[in-house]
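Scrolling down, you'll hit the structures one after another.
Two complexes are shown next, each including chain A; its partner changes from chain B in the first to chain C in the second.
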Partner chain A sequence: MISAIKSIVQWNPTVPQKPGITERVHRALIILMMLGLVFSMVFPIIELLKRALQDQSGTYIGLDNFTTYFTSPSLFQSAYHTVTIAIITTIISVSAAFLFAYAIERTHMKGKTFFTYIGLLPLFAPTMMYGIALIYLLGNNGLLTTGFFGLTEQWFGWEEFDFELYGMKGIIISEVIFTFPQAFLILKVALSTADQRLYEAADTLGASTLRKLVTVTLPSIKYGLVSAFFVCFTLSFTDFGAPKVVGGQYNVLATDVYKQVIGQQNFSMGATVGIILTIPAIIAFIVDQTIQRKQSGGVNSRAVPYKTPKNKGRDRLYLLYCSAIAFSVLLLFGAIAAAAFVKVWPYDFSLTLRNFGFGSVAGDGLKPYWNSLIVSTLTATIGTAVIFIGAYLTEKSRHLKWVRKVSYFLSILPIALPGLVIGLAFIFFFNEQAFTIPFINMEIANPFKWLYGSLAILVLANIVHFYAVAFITANTSLKKQDDEFESVSEAMNVPFYKTFSRVTVPLSLPAILEMAMYLFVNSMTTISAVVFLYSPDWKLASIAIVNMDDAGDIAPAAAMSLLIIATNIIVRVVYELLSKKLMNRTNAWKQTQT
Partner chain B sequence: MKKTMLFIVSLMLVFVAACSGGNAETKEKEITVYTALEDDMIETYLSSFKEKHPNIKVNIVRDSTGVVTSKLLAEKDNPKADVVWGLAATSLLVADQKGMLEGYAPEGIDRVGSQYKDTQNEKPHWVGIDAWMTGIAVNTVELKEMGLEAPQSYEDLLDPKYKDLIVMPNPASSGTGFLTVSAMMQLMGEDKAWNYMDELHKNVGMYTHSGSKPAKLAGQGEYPIGISFGYRGITQAEKGEPIKTIFPEEGSGWDLEANALVKKENIKDEAKTFLDWAISDKAMKEYSENFAITTVPTDKPVPEGFPEDPTEQLIDNDFNWAAENRQEILDKWTKNYDGKSAPKE
Partner chain C sequence: MTERAHPKNKLGGVALSPLYSYYLNQKGASQSMEHLTVQDIHKQFGSYTALQNISFSIQQGEFVCLLGPSGCGKTTLLRIIAGLEQPNSGDITMNGKAITQLPPAKRKFGIVFQSYALFPNLTAFQNVAYGLKTKKTSRQEMKQKVYDTLKLVNLEHIADRYPSQLSGGQQQRVALARALALSPDFLLLDEPLSALDAKVRVQLRNEIKKLQKRLGITTIMVTHDQEEALSMADQMIVMNDAKMEQSGTPQQVYDQPKTPFVSDFIGTINFIDQHLGVATTNSIAIRPEHIKVATDKKENASPATIEHMEFRGSSYRLMVLPLHQFDQTNDQAFIQIDLSAEEVHQMGLQISNKIYMTFPEDKLTYFGTSHSGPKTEIS
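== the complex of A and B ==
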């Protein structure tokens, strides 16, 4: 009997199969995907590791570069700075985001939709923008530091103060704004489910509010918290944009990599610092993977959904808190908008469109903006297609199991790779004249060299950089779809590509849209990977911002940031409208016909 | 299975070959020009070249002096640039010492004064187009509010009342920074100059990557005093910023922006055409819009804000000395001031 059931469960409809067509195509595609991952990720990283063990002329010197790094005080200091920044940022950002998410999920506060969108707004801007906005607000001659240029002094006696923005303070504030939406998103999901029974039990036992927080709420979201901590830590540890703009003389690892490579052309040291930059991300990656395996549903089938108790005082308090956050965020964006349209800040406040000309500054006109649009669109379309098909093969195919396992690992690995490291690794790999094949010592000319300095390498770098998150989105969506679609269509002799295009893709459309939007928005704002890879013909908007800031043209830099933000918001709105329409259409069958 | 793989691999190779083949063909009549000229000037300059030679495509690679220099040096064995246009002469001398420059006498070279071109080789390895010098951009509004006088000399800058108000370009990455430091060395002697910079360091609020940023920061009032180059402060004043450009009493450090032909296997004729154009009267006229001193005199009067005879302001500059000692000075500078940021907080 049991064996009969087993045989039914394990029944595989192999009988009517046409020998091999599907299988062959699947195998070919899986191998192709694997080769793609190996060539665009594994080989470049190996090249980077090799470079870190070489001196400038290319002779192997073991770990000398690391020794040099940790023994030269100025470089070691950067490591110390970076850790300090990351720790402080993480603590502030996660606490602030926790309260914010709590307000959205666990209170009856008004304006939740508004606050949610405001909380996510910083996602649309390049990190340089926060730095620039802070200069206008809190710089030596900023709006707040001078007390609205002396106005408040006249009215309320609020005197000027010296904020000393450039350095640690500036970087930390920027990083907090940068990481806040990420932590908020994670914690919002974590807080959205809870078991009412636990709170009832706590109430019966007479637990205080604080005790409930520590014994019920926090433990129920511990995975979310850990995840938020790591995300914030890694992001602020590796960010390059903000320290570049408001770092002053406060050196951090990311700016060190840039200075070593761009300023001094010292690629070996750049690679060395790059590897050090990756350490926390790798640790986070391992911890995250281990935790996810342990994570079992804290909410089981008998759980009662959490009902938020009424409490006017609490709601008002949270409203006040969220308004303060929203005000700060809007103030930043307001400062950028003002800076972009004002003639000579802070001496001539007449409005102008001059800063959007970009012709007379380090920006090359509007071209970098169009370039960014092209790169982002290509990344979004090609990236979504490639990543989705990759996820489909990994999840749904039944062939080449071990290859799929490895490619699954490689697909989520980029989450641990900072953009700067990807950029550097790409320079090393794609600019190499020839490779020596190990063991047989044969030299072959680098067949990918033409990519270097082209548009394609920027798109490829972006796809690799953002691969993991998009892959996980696709994977989650595919996991929800029953494998029987594949088995049944195979049994009925429907070719797999028909099942793919008629069933899998339509069912995954929301995820596909989300992937495309994610890739687009991030390609618009990213700087870290592409800063090493752009050629004069393909300068991007985010790079133009860095160059303009370098030249001191911060008003046009603000204008360019504004263009990026506006574009991303438009894309987001289009995405929301599309996915809403899609929801209505795909859910139409669920409505009962009358 | 193996067949499929073989097929895929060969398909990929064909694709790759096709792409790389197509790329090579378009390279004709194209020259790559490395330059450290200011972005906002390049387009205007080039327009007369494009008019005359519409069939030559000029790829401009622009960055700050330090970056262009290190890029040039890094590509020593496989130079990408055909021509260097408007790069600090001190930087070109470094490249020349490594044997990276080819001698070439552009048309009309005799019009260029001997102090502005290479005279050590029969065919000059580099030819200057204009001279630029240190100028101190001060924000008059901010200084007035603080009740401070504008500094008039290098010596003035050491006054403790200017603590944290001065911005200076980092000489390791900026040409302006280097010529200023090198001028101090030549004016004061090395030991005294290092002592001077130790003192100056106490007053400096920030070192910047580019030579124009200090003037821009002064213009925004972020830091009221910016050691920059003369032209930058003057153009900003024209834009309406409350900036006055001061040329220090001791004299200004200066450098030439110079051109050179890069030594490589196949030197393109178009590169020489470009160099001929780059010292033509037409080009000089354009340079004179932005520089008080061009190496071929033009009829244009000295721009407003500059000293009446700008050549008087120039110190006696020994380019060879500066080039020989460049690396040593930069190493010491970086060691002393760049990594020393923490105690300042």
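== the complex of A and C ==
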């Protein structure tokens, strides 16, 4: 962004070129892309900011909402709660994920593939699921809290105990499980590239194991650590699903936004809390951008790949640790499966499919699930196409440089926007009757109003919500391709769309598949953005889970969670098979490429 | 397959395709016309000046090298000629017509980049055919043209391979074939050889030059390798720091460098002002091969000790430290001398030997205005 502004300020007019028809189309597409980003991101956010500065009747009141927020103890308390939860979650999650990733990347432990998949399993579930699973394990009638329904009391004399799940404990455990795979992925990548020469140098200088950890290992993954830290913090800070299910009376910012908007219809205060909710993500965003600039040249091409030394004792220790983690994760998923198939927990353990009928619950049946499938499929297909083309136009063009710089910034900005904030901003923007154009005081009817309450707005919200990560995936893949492909094509008078379809897309297929998979899985599990936007016609599976849980129908909620997980696992398996097939097909031209 | 030099008569033995005749006709038609003119080009990136007052013109069929250290602006200049960058001011004319405002697609040039930019998912054939398909040619014609062009670079046998299955030199030639397939008016080469091994580089150097002469296609090549420029160019343009330092034939530039920079960048040069007792710096220079060396004392000869001897096969490069050194700390104070191995053995020169240098006047190069030094000292 800064460089974009700089390039505008230091404007050096160049001799213009008379564009041909394809150049005109190309430029029009770039402008269209920026307009799309502005209308679906910038304008809604502006509406949100405006709302935070108004009272409920719409008069401008400056920062009064913020003053009210920080002076009313009940509201301020949830800010305190949220920070507490985020800090504790981050510390536990990053440490646990570090050891787990270390075991996978730097030991000779057995079963690495299995543990990797187990470590990623929580990605496939909505956060409400962890809460529900915990209720079945540690709630009032939980498997563990009742001592296996009295069995341990009979056998060992261990009595029932109250875990006090609802509240801080429940939320933190859920958030740790939720953030664990994210931290694990980041740290796994960070630990996977190490320079053997540094360890050899340390050995030659007689450094101890601890000294090697502090002077070689940690410095080489410090960016990964910082990144994992911020990701965990932001995710647990903004999560809505887990606190909704196991939060009890323990209020956090995310549930506050929901209560203000849905419960009290106080949109201004909702917007205010939403802005506060965004602060850590914005800080993380800035830190991350700064770090990325510094990161270049960590491990260079001359680095020698790390060779893990043999150490049986270490391997056994890590195997024990990873097994414990895997056991906990599987226990959670097992609990959900059991809850979904059992007749009446904990009184009648006979198996049933009744919970999958969803008949008793507001009569929605399986419709929310089908809705979710439709929304996720549309998000995955439309989103992948739009985001990939957007990334292509931003990265592989020589036209309209500053437009592309602004677009790039807008494309990675959503990473700093919590889903709740996107949902709220969408309500404000798409539900507005008319907009006043600044300075000329003209009112125009909102041309996007028809989107409100439709399927389209759910898809759009999901695309915006997950834009940044998918964009970065596309961008990384495009950056690996020679910039001169476009120059050569232009020199040969080949229109850009031909090179795009014949070269760029085939070379990016793995990234495109990954984007589609990511968009689908996240659209299946997300609740935060869509919770404000769904209409009765388009209720989604994740929303149904929350509603059922609210109504006390926990078993059907578990069943619905299970459906989501199963769907996501199937999609992931299909993705893996497709990628493998793709790899085989493209092997001929990849062979010796370095 | 390994790189192999093709016998001279093989290139000549290939039957003339329509492509050849096209080039040859074109060459004959406008032999003496100013083919491409670049006038007063200025390019600014933010506060950084990339090009300043660049003007030159190229004759039809010439091979021109843009030579300079990295960051001197030579690649930017090439991209401006191609239309891939737009200058802040200045004009480019082609056969008398202004092309400054034309997009690259309308400039009719072929380009080969340092990275070759071959499409990795397309075979060599498909790469060469890539630009042809948009033109209204029949499938058969197109196929013929691709094979003809591949034949030009002796690669017809690898048409069905993907770039990753080719050696660096072969990839380079496929890129060249792709650039030539559309029968462009001129050819732009951006450091085309710098990614290759030294041996292949020398071989391809000759092949490209030979092909260029055959086709008579006007060519501009960017390089930072002075040896490459000297051996390939008809005309060379030496650039430094966004500006043109000198242009001319390789011989002219080597023998009569106009600025200290050029003399130092093209080949090696010794600045010997102080050894001649002149107060200036960097104004009198001599090439290492022109310094005469003797082991016995001569009148007007400067004594020096050999600090280092570098064996280079047929010759030696001597690094000598003059005894009348005014500034011992200056690294430039070393004088470099090239002697044939035979001379060195005859004189039995060894490190730390004392020698006497003389600087033949007709081999001296003068820069600036202050070359009125006491010439009596020069023998």
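Please note the rule applied: the second predicted complex is superposed on the first by the 566 of 594 C-alpha atoms of A that agree within 3 Å, B and C clash if a C-alpha of one lies under 4 Å from a C-alpha of the other, contacts with A are read in each partner's own complex, and residues count from 1 in each chain.
Throughout what follows, contacts are C-beta pairs under 8 Å (C-beta built on N, C-alpha and C of every residue); 3 or more make two chains touch, one makes a residue touch a chain.
Small disclaimer: the values here were computed from a predicted structure and weren't measured.
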(Q) Applying the document's definition of touch, where does A:316 land relative to chain B and chain C: first, second, both, or neither? (A) neither
**Q.** Greater residue coverage of chain A in the superposed arrangement, chain B or chain C
**A.** B
Q.
In the overlaid three-chain picture, which partner chain does A:492 touch, first (chain B) or second (chain C), both, or neither?
A. second
Q.
Output check: A:346 vs chain B and chain C. Expected answer is one of first, second, both, neither. What do you get?
A. first
Q) Of the two partner chains, chain B (first) and chain C (second), which one does A:251 touch, if any: first, second, both, or neither? A) first
Q. Does chain B (first) or chain C (second) touch A:537, or do both, or does neither?
A. first
Q: Could you look at A:74 and tell me whether it touches chain B, chain C, both or neither (first, second, both, neither)?
A: first
Q.
From the superposed pair, tell me which chain A residues show up as contacts to chain B and also as contacts to chain C.
A. none
Q | For the chain A and chain B complex, residues of the former touching the latter | A | 24, 27-28, 31-32, 35, 73-75, 77, 135, 139-141, 164, 166-168, 248-251, 262-265, 343-348, 359-364, 447-450, 536-537, 550-554
Q) For chain B, which residues are in contact with chain A within the complex? A) 1, 4-5, 8, 12-13, 16-17, 19-20, 23, 39-40, 43, 59-62, 64, 66-67, 70-71, 73-74, 141-142, 172-173, 205-210, 212-217, 219-223, 239-242, 335, 338-342, 344-345
Q. Can you list the chain A residues touching chain C in their complex?
A. 6-7, 10, 12-20, 22-23, 398, 482, 484-485, 487-495, 498, 502-503, 506-507, 586, 588-593
Q.
If we count contacts the way the header does, which residues on chain C are in touch with chain A in the complex?
A. 44, 46-47, 79, 82-90, 100-107, 109-111, 113, 115, 117, 119-122, 130-131, 134, 162-165, 178-179, 182
